[in-house]
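Consider the two complexes below, in which chain A is the common component and chain B and chain C are the respective partners.
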Partner chain A sequence: MNKKFTKPKSMKDVTTHYCSGCGHGIIHRLICEVIDELDVRENTVAIAPVGCAVLAYDYWDFDTMEAAHGRTPAVATAVKRVLPDRLVFTYQGDGDLAAIGTAEIIHAGNRGENFSVIFVNNGVYGMTGGQMAPTTLLGQTTATSQFTRRAEKEGFPLKILEMMAILPGVVYLERTSLYSIKEILQTKKAIKKAFQSQLDKKGFSMVEVISPCPTYWGLSPVKAMERIEKEVVKEYPLGVVKELAG
Partner chain B sequence: MNKKTTQIKIDKEKCKGCLLCLKVCPKQNVLERSKDLNKRGAQFIVIKHADECTGCALCAIMCPDCAIEIEENK
Partner chain C sequence: MKKRYLSTGNEACGEGAIRAGCRFYAGYPITPQNELIAYMSRRMEEVNGIFIQSESELSAINMVFGAAAAGVRAMTSSSSPGISLKQEGISYLAACELPAVIVNVMRGGPGLGNIAPSQSDYFQAVKGGGHGDYRLIVLAPATIQEMFDFTYESFALADKYRIPVMILADGMLGQMMEPLEFDEDIQPSGIVEKPWVMTGAKARPGGSIKSLFLKGDSLEQHNEALQEKYRNITNNEKRSETYKAAGADIIIVSYGTIYRIACSCVDKLRQNGIKAGAFRPITLWPFPSEEIKSTAKKNTQILVVEMSAGQMVEDVRLAIQDDERIKFLGRMGGGIPSEEEIVKEVNRLVGECRRGDPCVLS
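After this line comes the complex of A and B, so read on.
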């Protein structure tokens, strides 16, 4: 019997700590598949965030570091400058990247650092108990916005990719999702493109993945995927936001 | 003799019972939710009609926990 579909080699054979139906598991696997396909496992350094994915080094079988909250791009900058031949990527959630780490990500993009960012946007702080994040949708109830998020009090959902697009050092930005097989395969393609553009020394690349958080959205995993398809992608339109040729 | 067969394998201890695989299965009749619980207390997925499986692997692509493996006999 040949294995038609199996766990990628870069992924350790363990059960993750993520909740049932969490998108992190799918994205972890897609990253490992891309690394196996590019055959760069021995040459990869990943930087894990603070957030639900803080234990990513338990699941990835390649070099992984852990950074302080939001400072992941700063650590990745150092790693890439010291070891320019490595594939360096950061894996960040929306609380990490869009809230406390906004300064780091914008300046890393502005300097045109040659590493990739996988930005997992699920619209809440998952690890600490489902508090409101800058990316929470208007009208969404969270632990710290019990009367729903209102624009006059808490502001509007922060669109990081559109902000990053004006920076000249940024070469590739794409927003994808996980709600269907087509979108999952598109996410894999986008991650591969981002890693390839880094290997081609083009500059800063970033993929935002709209991911479900069934636990803190208060929905079943299937309903959470439906919510992404019906509501979340209206606020965060999918597709390539920026791609510099050459 | 050389009939192509596929076999679906489910690691019941990895399954967290999210049921996303049930939603994407084009046959809708291959998998079902077990009545038993695994060690983490999830109602894991079991195979209902193995002969209806075409081996498209959509369930495995969707699975967040790498609990599904597809084997093929060419």
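After this line comes the complex of A and C, so read on.
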């Protein structure tokens, strides 16, 4: 077999600004591969978050717009309602989605908006310097939890998918990770399933990807992946959280 | 064919939007603009438009952002506290140069205030209530007919300049009923091509709509371009009107509802031999500075009347550059200046002027 490594058609041939070992680059690529396979590049409108992935439009070669911090699902709601035959997805980090944008994501899900969400959970605010996120693990040290995250003071890690699962308008929820080739392939499968479910007009879909942030975890890229496998997935179990038939 | 209706201002505003081709509305309930969101929930359905009652004002304005980016004429409405919440989104709309219409049916503030008419959001509307150097075109209707007309026109202005336009009304205009007349066959005006919309990159590279400019002086350049646009608007879109202002000794300057009271004061004062006139900025931004300056000739006294502690009066001072001639009368917290109050104040000022110098009355 003589396979040549190439960039997906939907991905611009540029170097990203991401730190080494960051998960965003992998997830960006998986999205582009799926868009190519579904042949929807010309019919895609993405909404980028505020956070590390704000510059996604520099890397994706399809229409992408910014939204104010956390308002991403509100913007996506309108775009999808105006353009019901386009593939519309938001790409959001845990600050954007699980903190400042909690209201927007819950209500978009509850309205059963027919767009997809790629939720990148790396447990910290990367762009601003590694502060505590709602998803930060108990016992984890960050720039704003310097005595570690303690339940009695900082509350518990927020499980967004499990919260979303009770909403009738939400049709597909899966949590995946990137710590192995197998997990990366599973992430791609989940993204494809979410996008396909949207194209089939089924309703709201979300894939939460447990992603590494070696820089603000203070770990090497390899150790960061190991941490996900050994620690993080214990708090955030992988797998399908919800899938409505039909 | 023109038809005549009896309408509230809120509903006239909604119908003006529908007739302008607005097909996306997102809003959140707040008094005194509730008739508008209710009206839109019905009318959008009837015209195959999109109506969303959002979970918050923040969400509503960002839905308008998404709808505008997708190319449809879009609007949201609220009242003062809700407009404060929308400021973040308004800044982003301005930064991304997205056309949209925002209606503020002002109520008394600050804070939760009350639900009575007010004009205390003037600064917020014309000076930029959100962050950054930006402007909105701000139109101030004074009648129910203008609630319809200005809203109708605002969509063409928004599209022409790729700018958010604000309709700055007050609780009185929102709730009051008056005759409304418009052509049954009126069609949307000022429809323009929008090559910048995000609808999928068909046979072209991926596009973006963004307000982040990190590299070099790109943000400064973006701001220069915005300011150039604002200068262009200032040169072309200023609107104002006067009432018996030619040769007047004293001019009452006011906008919106208060202008109507000012005009009847002018008639009363003239019956008593006082040569009074009225001036009304229709666009609060761009502010008709030259127009007010040329109306209020040297020695003409000016009384600015507002339902606020004195906000527009600052722009009048900037325009006239002669603070001695400019006096202010305001009511706050939902108080409405009455004819009697205004006439009394004019009489007092005229009396003062007749006694002493710097203001010479003919």
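By definition in this document, the second predicted complex is superposed on the first by the 242 of 246 C-alpha atoms of A that agree within 3 Å, B and C clash if a C-alpha of one lies under 4 Å from a C-alpha of the other, contacts with A are read in each partner's own complex, and residues count from 1 in each chain.
Simple rule for what comes next: a residue touches a chain if its C-beta (ideal position, glycine included) is under 8 Å from a C-beta of that chain, and two chains touch if they have at least 3 such contacts.
On a predicted model such as this, the values are computed, not experimentally measured, just so you know.
Touch criterion met: A:64 reaches chain C, while chain B stays clear of it. After overlaying the two complexes on the shared chain, residue contacts for A:76 are found with chain C alone; chain B is out of touch. In the superposition on chain A, contact is made by A:5 with chain B only, not with chain C. When both complexes are overlaid on chain A, the residue A:43 reaches chain C alone and has no touch with chain B.
The residues of chain B lying in touch with chain A in their complex are 6-7, 13-14, 16-20, 23-24, 40, 42, 55, 57-58, 60-66, 68-74. On the side of chain A, the complex with chain B involves touching residues 1-7, 11, 15-16, 18-26, 29, 180-181, 184-185, 214, 220-222, 225. Within the complex formed with chain C, the chain A residues making contact are 10, 12, 41-45, 47, 54-55, 57, 60-68, 71, 74-79, 81-83, 86, 103-104, 106-107, 111.
By the touch rule above, chain C contacts chain A in their complex via residues 24, 26, 50, 52, 54-56, 58-60, 62-67, 69-72, 74, 88-89, 92, 96, 198-203, 205-212.
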